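So that you can tell them apart, the chains are marked A, B, C and D in the order they are listed, and the count of residues begins at 1 in each.
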Amino acid sequence: MSDINKVVLAYSGGLDTSVIVRWLQDTYGCEVVTFTADIGQGEEVEPARAKAEALGVKEIYIDDLREEFVRDYVFPMFRANTIYEGEYLLGTSIARPLIAKRLIEIANETGADAISHGATGKGNDQVRFELGAYALKPGIKVIAPWREWDLNSREKLMQYCEQHKIPVDFSSSKKKSPYSMDANLLHISYEGGVLEEPWAEAEEDMWRWSVSPEAAPDKPTYITLTFEHGDPVAIDGERLSPATLLERLNKLGGANGIGRLDIVENRYVGMKSRGCYETPGGTILLKAHRAIESITLDREVAHLKDELMPRYAQLIYNGYWWSPERRMLQAAIDESQHVVNGEVRLKLYKGSVSAVGRRSPDSLFDERIATFEDDAGAYDQKDAEGFIKLNALRLRIAAGKGRELT
Amino acid sequence: MSDINKVVLAYSGGLDTSVIVRWLQDTYGCEVVTFTADIGQGEEVEPARAKAEALGVKEIYIDDLREEFVRDYVFPMFRANTIYEGEYLLGTSIARPLIAKRLIEIANETGADAISHGATGKGNDQVRFELGAYALKPGIKVIAPWREWDLNSREKLMQYCEQHKIPVDFSSSKKKSPYSMDANLLHISYEGGVLEEPWAEAEEDMWRWSVSPEAAPDKPTYITLTFEHGDPVAIDGERLSPATLLERLNKLGGANGIGRLDIVENRYVGMKSRGCYETPGGTILLKAHRAIESITLDREVAHLKDELMPRYAQLIYNGYWWSPERRMLQAAIDESQHVVNGEVRLKLYKGSVSAVGRRSPDSLFDERIATFEDDAGAYDQKDAEGFIKLNALRLRIAAGKGRELT
Amino acid sequence: MSDINKVVLAYSGGLDTSVIVRWLQDTYGCEVVTFTADIGQGEEVEPARAKAEALGVKEIYIDDLREEFVRDYVFPMFRANTIYEGEYLLGTSIARPLIAKRLIEIANETGADAISHGATGKGNDQVRFELGAYALKPGIKVIAPWREWDLNSREKLMQYCEQHKIPVDFSSSKKKSPYSMDANLLHISYEGGVLEEPWAEAEEDMWRWSVSPEAAPDKPTYITLTFEHGDPVAIDGERLSPATLLERLNKLGGANGIGRLDIVENRYVGMKSRGCYETPGGTILLKAHRAIESITLDREVAHLKDELMPRYAQLIYNGYWWSPERRMLQAAIDESQHVVNGEVRLKLYKGSVSAVGRRSPDSLFDERIATFEDDAGAYDQKDAEGFIKLNALRLRIAAGKGRELT
Amino acid sequence: MSDINKVVLAYSGGLDTSVIVRWLQDTYGCEVVTFTADIGQGEEVEPARAKAEALGVKEIYIDDLREEFVRDYVFPMFRANTIYEGEYLLGTSIARPLIAKRLIEIANETGADAISHGATGKGNDQVRFELGAYALKPGIKVIAPWREWDLNSREKLMQYCEQHKIPVDFSSSKKKSPYSMDANLLHISYEGGVLEEPWAEAEEDMWRWSVSPEAAPDKPTYITLTFEHGDPVAIDGERLSPATLLERLNKLGGANGIGRLDIVENRYVGMKSRGCYETPGGTILLKAHRAIESITLDREVAHLKDELMPRYAQLIYNGYWWSPERRMLQAAIDESQHVVNGEVRLKLYKGSVSAVGRRSPDSLFDERIATFEDDAGAYDQKDAEGFIKLNALRLRIAAGKGRELT
């Protein structure tokens, strides 16, 4: 294990990754570089510096990646109306490729020959981190302590801290949660604890980002979202940066009880797992994006997008953001978004979001043709006969030859 | 136009189709057979008999098709988690193939050589009726009065009634609605009127089946839905026939403000149109079906279903229920549903429905493997390394050859 | 019919379209602009000028579109390895969008308000011409004489010529063929005559571009084809323009009996039809393109292309080249081709073409890893165990729960 | 390693698997059961008995699986016109699930707790064997000696034989081949040796099953193949069992130089590899199956099959025959084949196979409609106008709003 000289660790400053710092130093006899990112998880990242220093780390990276995260990862994904398994908005998945990219960039800058992370051997995150790392730097080494060590319980971890004199802040509220959580600007997730029984309802006090629909205001909130080339750029006419906009949507959604989700999902490593998610802003954004597309996208383009979307969602969920097939699909998706411009008016109320209006300079909605009233010849109803007759021809020939369909 | 002897008309008893009866008699000099079906639209169908008789119709068919509708059309469609364009539950679309089938059966029974319907030349329903009819009886003739006559306004229709002494009940509330509506056990739809402006919000008093979320009870309603082979069979343990079950879900959903939808959709004939829908029971059913699938379906089966679904939805929306390609997809979907058995617990509250619990004798959820706690060797975390390494191999080779992904 | 002032006609100079010139002048009382294109059909186009003049045409367009045809239509299509219904290389389909585009450009230049063509009401070509025209100029009028007139046999056409003193060259060899033919640089097609009986074998003397495999040389011909970004650019090291290259491949293929095809295909208008095709150069090109992709494309990109291809082929066959969904797919396909560079060595022999060698500066073939010999650690065989175990996990869990697969 | 009591080995009787018998006995101290199958590889299987006995094996299974192989694996696969990566007919892949199933059946019969095979850690076959085994018996243990031992060259293997006094027949012609080969009734494959250089042409004397096209007869051979429900049942009217039929096609194809293939393919484990294949009968069968489908399948069914096929091929190639998703796709494919009945006439000549005639009681080819001659009203050409106009409507609206496509 002497062939590792320096390793870049995705470091949160919490118990697990603090243990990992020391474990890497001891086990591999190597230097550890820590990397801590603000991707909107709602916790200060600066305190990680002192913790890393206390562990003897010399190269410490602390980055604010919020704008990059939303602009280059979240928004491109939402252009595809991406949902995994019909429900999950991929809040955790979409943050991983950015972390992987930064780990590799820092490895290049610091001359490290390995990266490390605190994800377990059962989950998707290990896959996402490592596929990204290998795709961006094929010779990189990866150390995944949870797959190697035997510190497989909280008790053993704390014992290790004591033995190695690792200072841990045991008053941290997050640490006392019975759930395994992950948060960024797009969502917060909960796993483990009582959720391991899929029949058990999540406890109300588990949810952190949103009020319960019951507790939400009795009056609806209306907002207008402006899109340019498929991405949201303004709320109620106020132009906002990507991260600011998503943060604002999170507040609006959370206050109205929007974006809670409780599902059982299929992990890439082959097991089913129960997860609860709060994605307030993302839930609003998905509804709004579909609404602006509904008046600006050609029908066949919209349908093609719908057919490609599950594949695209799987790629992101499974960790293949950094892959040529994701780029290929992204090229198709992005090609469709030039015309996705305009405004959507939304009603937020006690857990649900509805699109109540949509308008666009690029609208393909043609009132003259669509009207139930006299259309002054904009549409010739007689065309429908030939349309139906030729679409039916193959069916008629088959029926004429005795084919049965009932 | 003398080559039509007898025509079977899809007859509602309302103004439009009453005019059509007389117009067919006059224009084609043919006998008219009326067919009126109860598919749960919420109006009495028996009064159509007297109206038809008054118009001189001798062969009058009045059928209660509610159970057949839900059992053989709605439930098979929900096995696929079918949604058109990401949002629409296909409430109108799925009723049409049943009507088409009965029109043809009655044509066969009565020796009619044509069918007729009251759908306009701009919409999808003409296509659905006629594709179905041609597919089931290739030599059938189709008369679509709205594509032929010039009675293209309500005024002209009423004038025609007066001239031809057609008795019309002008007190009917439905007729005074500014919207074009369609209803069956799955949904009620609204088009036209102010909805022709996509930016305008629908008026609250348009909605007929559901209370507004604002007016819904302040306490959530919990129900448990039981599934067998992908279809719901009981609510809270009470076994119900398909139509009864869906009706019950509609009441539960409607009382909790669930299932309203406001969209712009793409019609098969090539235009965009604005539609509002209430699908209370269907909205609950979709959520519940996904939840029971989440613990009983294999991952790859679930993903394959998700990828095929948009295509299947397009087939139904466009009117190809009676087609060999729909049957081919149905065979795949049904093959997946043998194991979709169990119970889902749902929370209904002010417009939203959440799955809060799911359990099944066929569950593939494996707590021993999924747990965050010690799994006693059920899963070997070390396997993940090889899994990731080989999944990454093609990416590493490409990166090693200098391919760039960022 | 007085509302047409000027019409641009796709004019071949043959019997049918000569009749159409006069028929348009007489029926619509409008001016006719003729457009004749050389797309490699192997006949002189210049004689069309005198024929048009003799019919009183004043605006005559004669274009050499061969390079544009191959560069902007044939090659982009081959990037997708496009085949319709598993066999047809789309030789006719791919020429139509170019003709449609030129018709509209000429209509714009000459101020014409309509276009016209000589395709029948039963075929695909009418659809391709007209969809293209409408997509590029939505207000254009289209006149399709074969759908309007009653000159539905060769005899009536010739009678019309006599009556209207239209000079026709009855010695033309093409006209005496019992087949309906169409040719361009990509292929020549045959329909009708004895081919209308799908059990009947095509006669040997029908084929015009290729010798029979029996008559081909007894020695194989070897060639090397060079690709850049997915397009062929050189044969045996000699750099050639797109049209020249395809022409050369046609000669090579034809001389070796390559590229004959006899199929029954499904037309967009709903009927099946028998067609025979000779596509010598295209058949070679398809084989070569797959071969160069085989060493340069990532696996998942290649598989995604294969899954999208049938859809893309249908779009082109059905006439949707000029559509946003074709552009969307093209964006994905083109994104994949940057790396498709290198050389393929091919063996042509008596009707078949084989790839016998392929090499590329962008090759992803890694001998060190692929070798059956000692790979010096390039690949760790032990990784395969974890790879298989986790890929099997969902299957094992299901089997453990009693799911049967046999 | 003491926890294995009895292991079932896929045993060929050759050098490698004979070494494995002894190695398993020595390394695991367990009893070895050998299983040798005749799947048409063209070598006697009975001699394996004496060899196994000489190695001390007590339970010896020797099965003739040829009919089962063709009937239950090859034919179902051909119903989908299955090709991997546009070219490969999956000859090796399709035999593996049958071997896996028999290994598990024998494990159940003999009370073995493990299976073993002679596939390397670099290839696809290990994956196919093991995924199948795990899917059919989740608790089975798998021993893959090539991933465990260090006998990674032919020299070391022979040394091992000598040390352990394993009798090997060094005169076997197969063993002297420089290629790694695999054969069954569907094909024979070649890998390794000079083929590891993708630019090098395969040597003529490598090919074993087919004459070179150059050496094939100068006169074509015509045959007629009869299909029932998508499977071939007779050649030239002579009804044959599945295995007999495929064997006959192999002879016919081989004699005419048909079915050679030289490709670079993408393995599931992530590397590219060069393979040469001879699939004479399969190549004929694919052509014939497409031809009989061309007149019997509905267009949309055919297109749906084409779009699903690459996915289905990947499943088989990757080893997921025994999976619920393969069954789901198979259900769709099989649903389409009831009507695939009739005859195809084929011409075999010097390396190529052409369909020259096809006929069927279930033909959807309608001469009356397809004809270029007067169709007596079977098809109304005027219908085409409405068909085109409405298909163009969305494109016209978009163009009218200024969307550009060129």
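Here is the rule we go by: a contact is a pair of C-beta atoms (placed from the backbone, for glycine too) under 8 Å apart; a residue touches a chain by one contact, two chains touch by 3 or more.
As the structure is a computational prediction, the values presented were derived from the model and not from experiment.
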- Message: Applying the touch definition from the top, give me the chains sitting in contact with each of subunit A and subunit D.
- Response: B, C
- Note on the structure: Here subunit A maps onto subunit B under a C-alpha rotation whose angle in degrees, rounded to the nearest 5, is 180
- Listed pair (A-C, A-D or A-B) duplicating the B-D contact set, over half by residue number: A-C
- Item | Rounded Å distance, subunit C centre to subunit D centre (Cα mean) | 31
- Task: Please work out the Cα centroid separation of subunit A and subunit C, and write it as a whole number of Å.
- Result: 42
- Geometric centre distance via CA averages, subunit C-subunit B, whole Å: 40
- Item | Where subunit D touches two or more other chains at once, by residue number | 266, 269-271, 298-300, 311, 323-324, 327, 363-364, 366, 369, 379, 382-385, 387, 389-395, 397-398, 400, 403
- Spell out the part of subunit B that touches subunit A in their complex, as residue ranges. 81, 85-87, 101, 120-122, 126-127, 130-131, 134-139, 144, 146-147, 152-153, 180, 191-192, 196-202, 213-214, 218-220, 260-266, 269-274, 290-291, 294-295, 299, 302-303, 306-307, 310-311, 314, 322-324, 327, 345, 347, 349-352, 354-359, 363-367, 369-374, 379, 381-385, 387-389, 391-392, 395-400, 403, 405-406
- Given the complex with subunit C, which residues does subunit A contribute to the contact? 266, 269-271, 298, 300-301, 304, 311, 320, 323-325, 327-329, 331-332, 334-336, 390-394, 397
- Item | subunit B partner contacts - residues on subunit C that touch it in the complex | 298-300, 339, 362-364, 366, 369, 379-380, 382-387, 389-391, 393-395, 397-398, 400-401, 403
